[in-house]
Structures are given as C-alpha cells and as structure tokens.
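Chains here go by letter, A, B, C and D, matching the order in which they are written, and residues are numbered from 1 within each.
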Amino acid sequence: MAEQRVPTRDEVLGYLRERRNWGRWGADDQRGAVNLITPEKRVQAASLVKSGRSVSLSRDFPTIPGRNNPMPAQHFLRVMDNAVVDYYGIVYHGYVATHVDALCHVWDGDGMWNGRDPKREVTSGGAAYGAIDKWRDGITTRGVLLDVPRFRGEPSVTLETPVHGWELEAIAAQQGVRIEPGDALVVHSGREAWQAANPDWSGYRPPSPGLHASCLPFLRDHDVSVLVWDLMDASPNEYGVPWTVHGAIFAYGVALVDNALVEPLAAACTEEGRYEFMLTLAPLVWVGGTGSPVNPIALL
Amino acid sequence: MAEQRVPTRDEVLGYLRERRNWGRWGADDQRGAVNLITPEKRVQAASLVKSGRSVSLSRDFPTIPGRNNPMPAQHFLRVMDNAVVDYYGIVYHGYVATHVDALCHVWDGDGMWNGRDPKREVTSGGAAYGAIDKWRDGITTRGVLLDVPRFRGEPSVTLETPVHGWELEAIAAQQGVRIEPGDALVVHSGREAWQAANPDWSGYRPPSPGLHASCLPFLRDHDVSVLVWDLMDASPNEYGVPWTVHGAIFAYGVALVDNALVEPLAAACTEEGRYEFMLTLAPLVWVGGTGSPVNPIALL
Amino acid sequence: MAEQRVPTRDEVLGYLRERRNWGRWGADDQRGAVNLITPEKRVQAASLVKSGRSVSLSRDFPTIPGRNNPMPAQHFLRVMDNAVVDYYGIVYHGYVATHVDALCHVWDGDGMWNGRDPKREVTSGGAAYGAIDKWRDGITTRGVLLDVPRFRGEPSVTLETPVHGWELEAIAAQQGVRIEPGDALVVHSGREAWQAANPDWSGYRPPSPGLHASCLPFLRDHDVSVLVWDLMDASPNEYGVPWTVHGAIFAYGVALVDNALVEPLAAACTEEGRYEFMLTLAPLVWVGGTGSPVNPIALL
Amino acid sequence: MAEQRVPTRDEVLGYLRERRNWGRWGADDQRGAVNLITPEKRVQAASLVKSGRSVSLSRDFPTIPGRNNPMPAQHFLRVMDNAVVDYYGIVYHGYVATHVDALCHVWDGDGMWNGRDPKREVTSGGAAYGAIDKWRDGITTRGVLLDVPRFRGEPSVTLETPVHGWELEAIAAQQGVRIEPGDALVVHSGREAWQAANPDWSGYRPPSPGLHASCLPFLRDHDVSVLVWDLMDASPNEYGVPWTVHGAIFAYGVALVDNALVEPLAAACTEEGRYEFMLTLAPLVWVGGTGSPVNPIALL
C-alpha cells in the first residue's frame, strides 16, 4: 500500500478476505487482535506515562434530542430522603455515543469474526460468540494518535477528502511515531469542526466524512488491536459492500471505539509534543452484549 | 484510633462532622478527594505496573433475576442483516451492580458534599452539583488491597465480625503495605464466600456484613480518594444514622465503588506477593448523573 | 361567552380561577369531572351504540424517530423457541403519543387540582394525589365529536385560525348535537392535514395550531369530563400563562386525551350522520403515575 | 367433551391440530377469533349494560419487586416547574402484569396462528404477522364470567384441582348463562385467595394451578373470541407439550388476557345476580408488538 491509489472493489474485498486474521489465535478465539496485548505490552504502555496528564476520549452521554441524536439515551432520577439514584437506558451503537463494538457486532456474507455464522451465534437472547464480556479484563495498551486535520492544515476531514491509508502512513512519518503490534490507533479527523461547519449533518443520514476503505491495510499491516475514531467510515462506500473500515471487526478482530472525543487528546499531544501514551478502556461486563459504552482514558 | 474500641455514637457523628473535608479543595469543588490524585500520583501509579497482569474488579451486569437482584438490568438485542445492536437499561445503585457513586449520591441532615443543600442541587432533572461527570477524566491512581479473609484465616467477613478500622491498620502492617494520600483502597471482605454460605442473603434485606463505622477514620487519616469494596456498610448500624461508611461520600469526598468483584484481584495479589498496583476506572460521562456502572481494572 | 371576542388576560385568569371546580366533589376528591359520569350516564352511553362500528382514536406508538418524535418509544423483542416477548418503554407525554393526562400532570402558581401543593404531592417516587390510578375503573361515557375542518370547509385549523369557544358552540348547533354534563368532547382540528402541509412542524417547537384559551368556558359551561383532541393548545399563548386549555386539568378536573387520532372517527360520524357515540377509554393502572398511554374506542 | 375424563396426549394434540381455526377467516387473516365480533355483536354487548356499574379487570402495574415479580416494571418521574411527566418501561408478558397476547406471541412445532412460520414472521425488529396492532380498533363484546371458587365452595383452584372443560360447562349451567360465538369468557379461579394461602408461589417457578388442557374444547366449541383469566395454564402439563390452554392463541386465534384481576368482577356479578356484561378492552397500538398491557373494563 505504498501506492497512493484508491483501491478497486476486488482489492477491498481482498482486504476483508485474504488478509483475514481468522484462526490466527485459534478457531475458538473470541478476543481477536486484543490478543496482541501481552503483559509485556501493558508494562511498556505504563512506561509511557510521563507527565501524568489524564485525558478522556468520551463524549457526554447523548440524552439531549437532536438532529444527530434521534434515539436519545434515557436518564431518570429518583430522589429520596437521604439519597438519589438514577436509571440509564441506551441503544449506544450509532453515531453519537462513545462506545466499543464487540467482535459479534457486525458481519458480512462470509460470516462473523473467525468465520462463525451469525444466524447460529447471535439471537435475541444474546451473542453466544464474540460478545463484549470477552474483554472483561479491560484493554490497556500503547496508544498512538494520528492527527489528520493538523497534518492537512485543515479544520477537518470532509466528504470530498476522506482519510486514506497512505495518508496515515505519511502522518505517522511526519509525527515521528511508529505503530506497533497491539497498539491502539487513535485517528483524529476533526469531528467537532465538521459538525460546527455542517450543523445539519447526521451520521444517521449519509453521506458522512471519515476513513476510506484504503485504511484497512494500514490497520492490518500494523497489527493494531484497537481503532479509536471520531469520524468513522466514509459513507456511503463506492464498493457496494456493507462494511468497509468497520469490517476490521470481523476480518481482523479489531476493537472499534466509535464516536470518540479526540480533539482534547489531539490538543494535549500537540502541547506535549508526543503522540504516544498509555490508553486504557474497560467495557462494562455485559454477558452476551454486542458492545459497551466506554470512557477511554489516555495517560500522557 | 489506635484503640480497638467500637466508637460511641458521638464519635461516629464526629467522624462525619469534625473530620469533614468540606472546603478543603474550595467551596465550589465538585471532585472531592479525587483532587488528591495529582499528575505525579498517576506517574507513580503507572510505575507500579510490573508483571503487566490485568485484573477486572467488576461483576457481570445483573440481568438475571434473583434474590439479591430484585430489579434486574434490561438487555435486549436487535438483530439485523449485517449487524446486531442492543439496549442496556439499569438502575445500577444498590447491592448487585459494580458501580461508582458520585458525590451527590447520598447526604445526611447536615447536607451533601461540601455542605450543599440537596433540595436545591438535586432535582429529577439531574444533579447540579457533585455529579458523576465531574470525574470525566477518569480516576487513575495507586491501588492498595487489604485482604480481610486472608488476614483472619476465615472465608469471609460475617454479621458478627464486621471489619473495623484498627483491623485495616493491622492488615496493612501485616501485608507490609502503606496507604498514601490519593490512593484507592480496595477491601476484600470475601463476598463470594459469604453469598455461597448464605444463599438467601440479600443486601436489599439487611442485616448485611461489611465495614463498621470505625473504618471512617482509617479512610480519613490515610486520605484515600477511592474505596473499592465487595461487601459494604455493615447494616443496620447501631447508631441510628442514615449512613456510616457511605458517609465518606458527603463527609470526605471519597469515591465509592460498590459491589466490586475483589476475589480475583486478591488471589492475584497473593500469587504475586504484592498488594499495590495501578488502578484505573472511568465513569461514563452522564452529565448530572448520580454515579455510573464501571469496570475498574487493576494492573499488576 | 356568546360573544365572539378574544378574552383578555384577566378573563383567562378568571376562567382558571373563578370558574374552578375545586371542592365541587369534596376536598379530597381525586377523580375530578369524571365524577360526573354516573352509572346512569354509562347506561345512556351504551344506548348510543347503533351500528356497532368500532373506531380507534389512537395513533401508532411512536417508535420511529422523526422531527416530531425526538424521544422515540423503545420496542425490543426477545424471540425464544416457542414464544416471543417484548419490552415497551416510553415517556408518553408530549406531542406524539396518544395518552390521557392524570389530574396531577400540570399545575400553575395557585396549585394542582383541588388546590393541592405539587411540592408536597409530587415527588420522584410518584404522585401522591391525583394520580392516574384513580381512574382505574375506566372512563366510559357519551362522546360528542365537533368537526372543525368540516365546519370551516378547510383542511385543518391553522396558526392564524385557532379554535375559539364560540366556534365550538356554532359547530354543535350546526351538527345538531348537544354537549351534556359528563360527556367526552372530541374535537377534530385536522392534525393529519396540518402535518402533511407542514412537514417541518413539531409540537416540541412552537408555534402550534390548536384550541384557544377561549375554549375554557365551553368546557366548563358544558361540564365535560373528558377532552379528546388531535391538535392541542394553540401555542404559544398571548397571555404569558403556563397553561391555557391544559389548565382544564387543574382548574376543572377534566381528563385530557392528547394526540388523539380523530380523523377516522370524524369520517365515520360524517358517514353515519351522527356525532354522538359511546366512548370508552381505560388508563393502565400505574399507581402514582402522571398519565397513561391509551387507545380510546368510539362505538357507533 | 360431555365426558368427565382427563384427555389423553393424542386427544390434546387433536385439540391443537384437528380443531384448528386455520384458514377459517382466510389464509391471510391476522385477527383470529376476534373476527367473530361483528357490529351486531357489539350492539348486543352494549344492550347488556343495565346498572351502569364499571369494573376494572386489571392489576396494578407491577413496579414493586417481589417473589412473583422478578422483573419489575420501571416507573420514573421527572418533575418540572409546572408539570410532571413519567417513563414507563415493562416486559409485560409473564405472570404478573395484566396484558393481552397478540396472535404472534406463541407457537408450537406446527407453526404460528394460521400456520405461519415464526422464523420468517417474527424477528427482533417486530412481528410481521399476527401483531397486536391488528386489534387496533379494540375488542368490545359480550362478556360471560364463570366463577369456579363459588361453584366449588372453595377459596380457589389448587394444584390438585385444575379447572376442567366439563366443569366450565357445569358452572355455566348452574349460573344459567350461555356462552355464544364471539363472547369473551372470563374465568375466575381465585388467584388472590391462592396467593394469600401460598405466599411463596410464583408463576415463574411452577407448579402453578389453573386451567387444564381439557378446557381447550370448551373454548373451541363455544367459539369464544377472548379468554380473560387470573390463573392460567395448570403447569407443568402432563403431556410434554409446550402449550396447553395458551395454545388457543395459535390454534384457535383466541385473544388471551393474562393475570387479570377477576375477583372484583366476580363479586359484582354475584351481587347483581348476573354473569353477562359488556366487556371492552383496547390494546395499545404497537405496530409489530407481541401483545399489550391492558385494563379491560366490564360494564354491568
């Protein structure tokens, strides 16, 4: 992928098929590329904490109705004499809540992660394979941020200018940072600036700006375990496939953290002149769940 | 509190009044003892990651009805052609879900954290003061585990043998570990063994075993920022006060993580011969919320 | 109110104060104008069933997000081997779900129904007074439909042409129907036509067309027990009062059925040449609730 | 079925197969036995309103946790300056909420109502066939109550003494009432007395008392459209079939109203010396739903 050419449909299908990680960690593996995060990797990640600054990558929970929030989360309080409790309800997948997708979340005609059949594994009672509870011990690893707007000198990625894999390589080179196996890749595409300039935009009504299918080899070549992003798949895709970059879930076993709030971390990285840090995120332990709301924390 | 004497009612009231941290971090502070976690503290916490072992302190989300789960969480899936999404709904406070309490969660006749009036600050629209989103950048600090059953040579704490503050001191001494300002204190009381021996027990129907009011000075003297526990306040209390150890929330500004799963961490600590580690937990960012389900991770 | 003059602010305040039904059915009454529905009234209502046609006055439950549905209801199914069950969740008040308001639902500075103090009676634990369960035996009475669009020869009521009380009198006269004590008044304002002509309209973002404050005396003079309507209070009101026609709840003890689907009944009435019928509606028995989704049925 | 003999397994399978109403109202019918309620039937039902007494057949909504309420309904209020609104959430099927089952709710190995395939018709997106919205115009018909405890001179039906079809015939004869096509049959089994005598009983943990499979022919022979009952299928059944009396849904197209509160109506019928009345019930219009909470009203 040193070429700067938009891939053909066959090439994209190849990314999702020939480059698969199926069976790489065993036929019954349910943890995917997170397997690349070894104890040594965690020790190394901890060593990256230098200034002790702690930055959240989560948006506020989406309780307020809006154009990009058609199904707001519910939040109800019950006040008592000496206490107050509350209820949270949410369909967190979508384009507004910060959440991590489990490996069972999406699939294509060839199947789920590791080639399993969703008709068998996923019922309305829960996901029997690749559910979020398989990452119950958290995901703690080295994180690397690639700042696309800063690289481009533009406020944000746009519909006409998706992020391509070769661009990610160029940004890493310019930032002087390497992506290593098991890393969490954090891509800043400038969502806040995009939303401010396009107040009527809603991820629920494409087109949407984001990462092009050409980013798939970048994820696979560098063996990332997690992709944290604020703008997601450039949509619609020109290949007529159900999933492009989201296909990293079922093809590579990568954990995707959608709708991340990346701008504050990008600003902190710029300020400290560093693009690597310790990243921690811990899904809630919903047995059979298809993902979880999360608040990923970067420690610089 | 070098004495091993159960405190009088006046003494307990003194713990909750005279030893208050109100105003310590300013009249408008909303982060409480978490303020003691400085960037330096986080760097130090990261340096405690030695083996790279990652251990969750969270129970499975309580979707299954049961004697100790009278209001199960809701989990519904929606399967589509190429994806599955789900809905989570939960009143997470109580005796079964692992969650962190915000500073607004409880109060007594004297008021909330920092002396605020709950009638003004807490409405059914949300908490205007001391809500969970004030800890949005996560809580990452040095964690110390005190293992009560192991110290006692008993399977668990019991109704007749609550945990006292002087006992925590003794356990720390025996384990050869110090508690330092800003630390997260993890107390293992042996909940799994207690529940196995008492299958009809429910935290919703006291009496319940746990920590005695005499533990309050321990928390205050050592300036802990977080208390993570599997069995909570010994209930009912003999003082006729609404809250004993839970009073650490409004009196000291301490973050409480209730219903933690501590046994696996206690076993890991025993195995590795260490009782200090890096502890990370990140509440979901619910603006105005009274707490959050969490999955705290200990990194050894 | 034979005059066709828009009332002054003092007159509107008079409607809500001087014409109150407070104490009319006793100081502790919680059923309001529904008290006017005697057993004899029900027998009479049943005698109005002539053709046996059954017409629903309910919209579909609002699960689909949209401009006038910012907080969609939740509907999740769980399929099992030999059965399927589902979950319904809804904040039904608002501008989209068909529902009946309990007497505790709204109030003004003078108080709730019967002069009670909402600060005392309504907490986040439930309404202690005037809750929906007080109508647990259903509301079954004579129903009378007044068809405003048909009277006007227009598709619907508009922002510039609210429904006035004198107009309701004129429509009744033209339709040859009397409104009697205890009746359910059904007002057709042509909501479907309004929405079709104004696809961007949302009741959540006034202005909205509907009934003017001048309708209050009509309700009070005729002693209606229920008002069923498809477009509600003309909003905003020019008097600076929190509630105009909705004030019939706390001032007169009238049951309001909001967001009704009236067009099919209006068509049936036109077809049969009758404007009176038996109306039945039964709130779900939520103790302490502020209202209930309902499906009112008119029997011709 | 004049015999008073417990049917064999083959006979019960015969009730569910040979006596099916499949195709009776057309291959695409989705309203089942409710088709038997003609406009004339409704007029006749209305003529049964004599005293004008109105009696609810609904239990309070099950928000309070308990042994027979493992998944309580949610009820949260939000109090504002001049109004209060609330949220209702419920999985209403089960043994505690009063609700009507849609024709899609249950099936056996042979299929759903009218022979449809649940795998095709019922997905986690909704039921495409036999959903509750097909009864959107309400169910209004002649109701007949059969009072089993009164007939037996016992407080309630018991585990050892299920209700048999021949007994229903005897009760109807003794009460001097006929069951006619399209009627709603209301069976009083004395649930309140049963629960009071058996406080640990839970419908979620059989055995449970109720109606025996031998009641199926009674329903079919008399062409009832609705069965309203307080205790349901005697469970477990001795035939090893997934459903006995609940099979009336998919075999006969009968609407079942489970967990009804029948005692007050039974008392009213005894008092008035009549066992026939007008029965009205209106499901909430959930498109694709598997049933609905309801508050059925009997008018005497």
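We take it that a residue touches a chain if its C-beta (ideal position, glycine included) is under 8 Å from a C-beta of that chain, and two chains touch if they have at least 3 such contacts.
Keep in mind that this is a model prediction, so the values were computed, not measured.
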Point to revise | Interface residue overlap between copies chain A and chain D, same or different (over half shared) | key: same
Point to revise | Fitted rotation between chain C and its twin chain D in degrees, CA, nearest 5 | key: 180
Exercise for review: Sort out for me whether B-C or A-C is joined by the greater number of C-beta contact pairs.
Suggested key: A-C
Exercise for review: Provide the C-alpha centroid distance between chain C and chain D, rounded to the nearest whole angstrom.
Suggested key: 30
Review point. For chain B and chain C, what's the span in angstrom between their mean Cα positions?
Key: 49
Point to revise | Multi-chain contact residues (two or more partners), chain C | key: 74, 76-79, 87, 89, 91, 123-125
Study note, to complete from the structure: Counting only contacts in the complex, chain C reaches chain B at residues 74, 76-78, 87, 89, 124
Review point. Contact residues on chain C for chain A in the complex?
Key: 65-66, 70-72, 74, 77-80, 89, 91, 123-125
Check your understanding: Tell me, which parts of chain D touch chain C in their complex?
Key -> 38-43, 45-47, 49-56, 58-61, 63, 74-79, 81-94, 98, 104-108, 118, 122-127, 133, 136-138, 140, 242-243, 278, 280-291, 293-297, 299
